[in-house]
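Some structures to go through are shown next.
You will see two complexes here that share subunit A, one where it goes with subunit B and one where it goes with subunit C.
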Partner chain A sequence: MDKNMTDLARRNFFGKAAAAAGLAVAPGVMLYEVQARPADQAASSKVRWGMLIDTTKCNDCNECVTACQTENGWGAGSDNEQKSSDRQKAQWIRKVKLTDKQTGHVQSLPLMCQHCETPPCVDVCPTGASMKRADGIVLVDKHICIGCRYCMMACPYKARSFIHEDLHNQKVVAPRGKGTVESCTMCVHRVDKDGTPACVEACTKADRNAMVFGDLNDPNSTISMRLKEFGGEQIRADLGLNTGVRYQGL
Partner chain B sequence: MLLRQLSKRILVTAGLLMVLPFSINADEQAGPVEVPKARAKATQEFGCVAPVEEMRKSHMQKLLHKRDKTLREGVRTKDISLAECIDCHVTKDEKTGAMPSFGDDKHFCSSCHNYAAVKVDCFQCHNDKPENQNYKHSLTDNPLKAHHKDLALNVEASKKSLNKETLDVVTSGGSK
Partner chain C sequence: MKNVQYLEIEGNSKGYLALLGFLGLIILGALGAFYYMEHNGHWVSNMDNQIVWGTPHVFAVFLIVAASGALNVASISSVFNKTAYKPLAPLSGLLALALLAGGLMVLVLDLGHPDRLIVAMTYYNFKSIFAWNIILYNGFFAIVAVYLWMTMDRTMAKYKKAAGITAFLWRIILTTGTGSIFGFLVARQGYDAAIMAPMFIIMSFSFGLAIFMLVLMASYNWTGRPLGDALVKRLKNLLGVFVAAVLYFVMAYHLTNLYATEHHGVEAFILRDGGVYTQLFWFGQIIMGSLVPLALLYGPTGSNRKMIGLASVLIILGGLIQMYIIIIGGQAYPLEMFPGKEVSSSFFDGIVNVYSPSAPEFFLGLGGIGVALIAVALGVKVLKFLPTSLADEDVDPHHK
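And now, the complex of A and B:
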């Protein structure tokens, strides 16, 4: 109890400190040090984007998956991929159900690209198409992807899928085409405009609040503070990949 | 004798039939390529991202450079952006009112690429049509407020103003 009180006091202190760091230039107008990255500036390694998923708040709803499909135009979000079988179809994010056989306890959680700090998919890529941005987002450069699918084999999370057929009417924000591998982009187009990934937004909108997105490098971000307070587990932590997506309550 | 004359006549007709389609085609292809009109947004000062002559010569270099910047570094300026090109340049067919796909002669990109027989694979992944078909960005002569601001500011003074000829091509189609 005491510890919680101290943490709360610390947080209040930081909150006030952050407000004090802002510089008042005019009544009602504040200049903050931390600003959205301008469009002409490259992503910086000072930031590391991450996600924290609270599995105790996640139940069998499918909002995050639907939102991702609509945003990026795969699965139900498009009329493409009619010829592919269910096992071939795109899967940027999916819901996984975990059942403890001993107790019968059931957990449900979304699983997608974990945006590892040392991604195995990048290690194995023969062309350099599989890449990690300075801010920790792992992407596929489809311009140079040859569709060998080594990365799909290397990924311990089965987070990547391959496009087997010609597509049309893709989303402008998420180009995707036959013969290339794809996976969760952490909605990089939104993040670059200071936005939140579609799945997190949908989860909050549906009042589940199971997903938090933010900067892992910033000790004052919600995600960092929650990780500090409650801790967060990595799936297959034994691989030492230092994933950007963390789970709470697993 | 009669048979010989008949076969001669058949040969001549066949020969004519073979030559005829080519001569008709040659007439059709001889004219300049009809480049579909962009939405009339170009202004005398800051129209397209660069003068037409420059864009024709180096649009691919610009796009190649930008695609790596965008994908790998997250630079998302509007100056050189394939989506922005499509938004303005791909327009509905005036006669049929249909939005052309890449490959049709009425599609801005393929109108030239078909003619020059240069294959591009941009549209295997990228959308070849504007997502919002009524898309329009603001028109302004003020370089600070111009839509393609960053590029407009970098244009050398000599290139800043588009000549009348260029502007005609940009806004009303046709080719030189």
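And now, the complex of A and C:
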């Protein structure tokens, strides 16, 4: 009898100790969730990465494009694609100048893959090489891309490029290859290490502050709060693609 | 009706060997073009990141569409029980297989990674109409092959009707799939239209029958076998109906677009301001490819075989031009991302994209036609595809 009482007391003690330990560890666990994602862990649909571009702060500068080229090794960021004509060279991000036909109002904005929630490029890809990660980033799996270019026909933003010649010395973070299609990766290699895409970083560094990157699913993120307060438009919103890249002042 | 006798062609005349040699050269040219483009990369072609599908796709899609239509004659006999068409069914099936093989060859050899064909066969995204088409094309080969077997092996005659109906339904689905490659593209102004699927079906009837007419008349002329006037007349009248039907669909497509303000830009581009595309549309597709053939087929020249042959050639050329306008013209017109704004960028946004076919692209595309025709030429030599006589009294029991 005494022995049983002792066992119960011990059990209670261990139970309480375990609960206390759990409480002590819990904040750490919570913290761990928002930290960089380990390589062996799948991307989570709890986050949706997005970008907000304030066209009123964007001017003629080209910092975002240059930063992307340097980061991912295309255009001026590499000595590749020498044989390809200007029309054949890849462009992951470009500055677009808009002039209103009625008023003459001029705007400038960066245009890249809009990382749609329902991307037409993913729909049409016969092999599934065009794919969307759980966290909303749209990518091309270069291993199973057969180079049919149907995704390029389907993209409403002309965001994709086909590689017309052999490449060498690619960046480790951005493998590219002849005969496959590529586009903006939202600097997925940086994002997975808790970083910011190169274009956004460059825009901020140049003190333009026209680009914000963040989690659209988190109501407390800067991007969500700004979108809530000021709103944001999608390019070709009529298609209902729910793009991850939004624009202000369009 | 007499019992129709089928016999292989002799196929040892100088003319026959010259034909094989000529087609062989065309195929060699295509293989050379393929090697050149794949070895160097597509930079040696005139395709780029604005016009991503070029001349090879014009030929490939044309041949795939025509393949489905070439089966028409077989369907009319097996599904709709028209006795006069029965002796033509084997050739119709053979031509369908040959055209599809030619078209697919071009499509595959233009891929950025033709070496990954096995990937296309093993990784499927079932939301992609392209993936469905891969299944539809492979299925077409199998079903038409079985249909030919049931047709040509008299012990299997009882299954012929079922095989014929299956092939008929399959090819309607197949061409729906081909048209939907464009119909499902929401991004571009020239596409994104449900009418693409039925329009491609009626285009397949027209292009496929035009090619069938030429192959039929040429093979009976060159082998000296009789081909009845009444049979040719039936076929050419049918061809005319198909040409007119294509015109109707083209008209319905453009009228619908002309009504909607959002499509005025692309319509003005094709119909009025598009330079080479406008000229190709009016002079190539409408006048040369549709109105002149209709006049040749139904006018006083309608009983002249040379004129029927000429009409068929013009329909084929008009069909290639129509594909060129759909595929290249559809991409040349800029994407409309910012309505009401003038757009400019380093990536050629907002401007009409420039393109002209390069030699390797053209020769690769032409090779598809070469493959299709050589397959027919060899097919009729090794198997009994062609009746010894297609004289009217031999094919039509009611012919007087």
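The rule is short, and it goes like this: the second predicted complex is superposed on the first by the 213 of 250 C-alpha atoms of A that agree within 3 Å, B and C clash if a C-alpha of one lies under 4 Å from a C-alpha of the other, contacts with A are read in each partner's own complex, and residues count from 1 in each chain.
In this section, a contact is a pair of C-beta atoms (placed from the backbone, for glycine too) under 8 Å apart; a residue touches a chain by one contact, two chains touch by 3 or more.
From a predicted model like this one, the values you see are computed outputs, not experimental measurements.
Steric overlap between subunit B and subunit C is absent once the structures are superposed on subunit A; the two fit side by side. Within the superposed three-chain model, A:Asp166 lies in touch with subunit B and with subunit C [touch as defined at top]. Touch criterion met: A:Lys89 reaches subunit C, while subunit B stays clear of it. In the superposition on chain A, contact of A:Arg133 is made with subunit B only, not with subunit C. By the touch criterion defined above, A:Thr180 lies against subunit B and subunit C together after alignment on the C-alpha atoms of chain A. Of the two partners, subunit B and subunit C, it is C that touches more residues of subunit A. When the two structures are aligned on the shared chain, A:Leu239 is found in touch with subunit C, with no touch to subunit B. Of all C-alpha pairs spanning subunit B and subunit C in the superposed arrangement, the closest lie 11 Å apart.
Put simply, subunit A uses residues 166, 178-180 to touch subunit B in one complex and subunit C in the other.
The residues of subunit C lying in touch with subunit A in their complex are 38, 40-43, 47-50, 52-53, 111-114, 116-117, 119-120, 123-125, 127-131, 134, 181, 184-188, 331, 335, 337-338, 340-349, 353-354. For subunit A in complex with subunit C, the residues that touch the partner chain are 83-85, 87-91, 94-102, 107, 111, 120, 122-129, 144-150, 152-158, 160-166, 178-181, 235-236, 239, 250.
Within the complex formed with subunit A, the subunit B residues making contact are 67-69, 71-78, 83, 101, 124-127, 129, 131, 150. On the subunit A side of its complex with subunit B, the touching residues are 37, 39-43, 131, 133-135, 139, 141-143, 166-172, 175-180, 188-189, 192-193.
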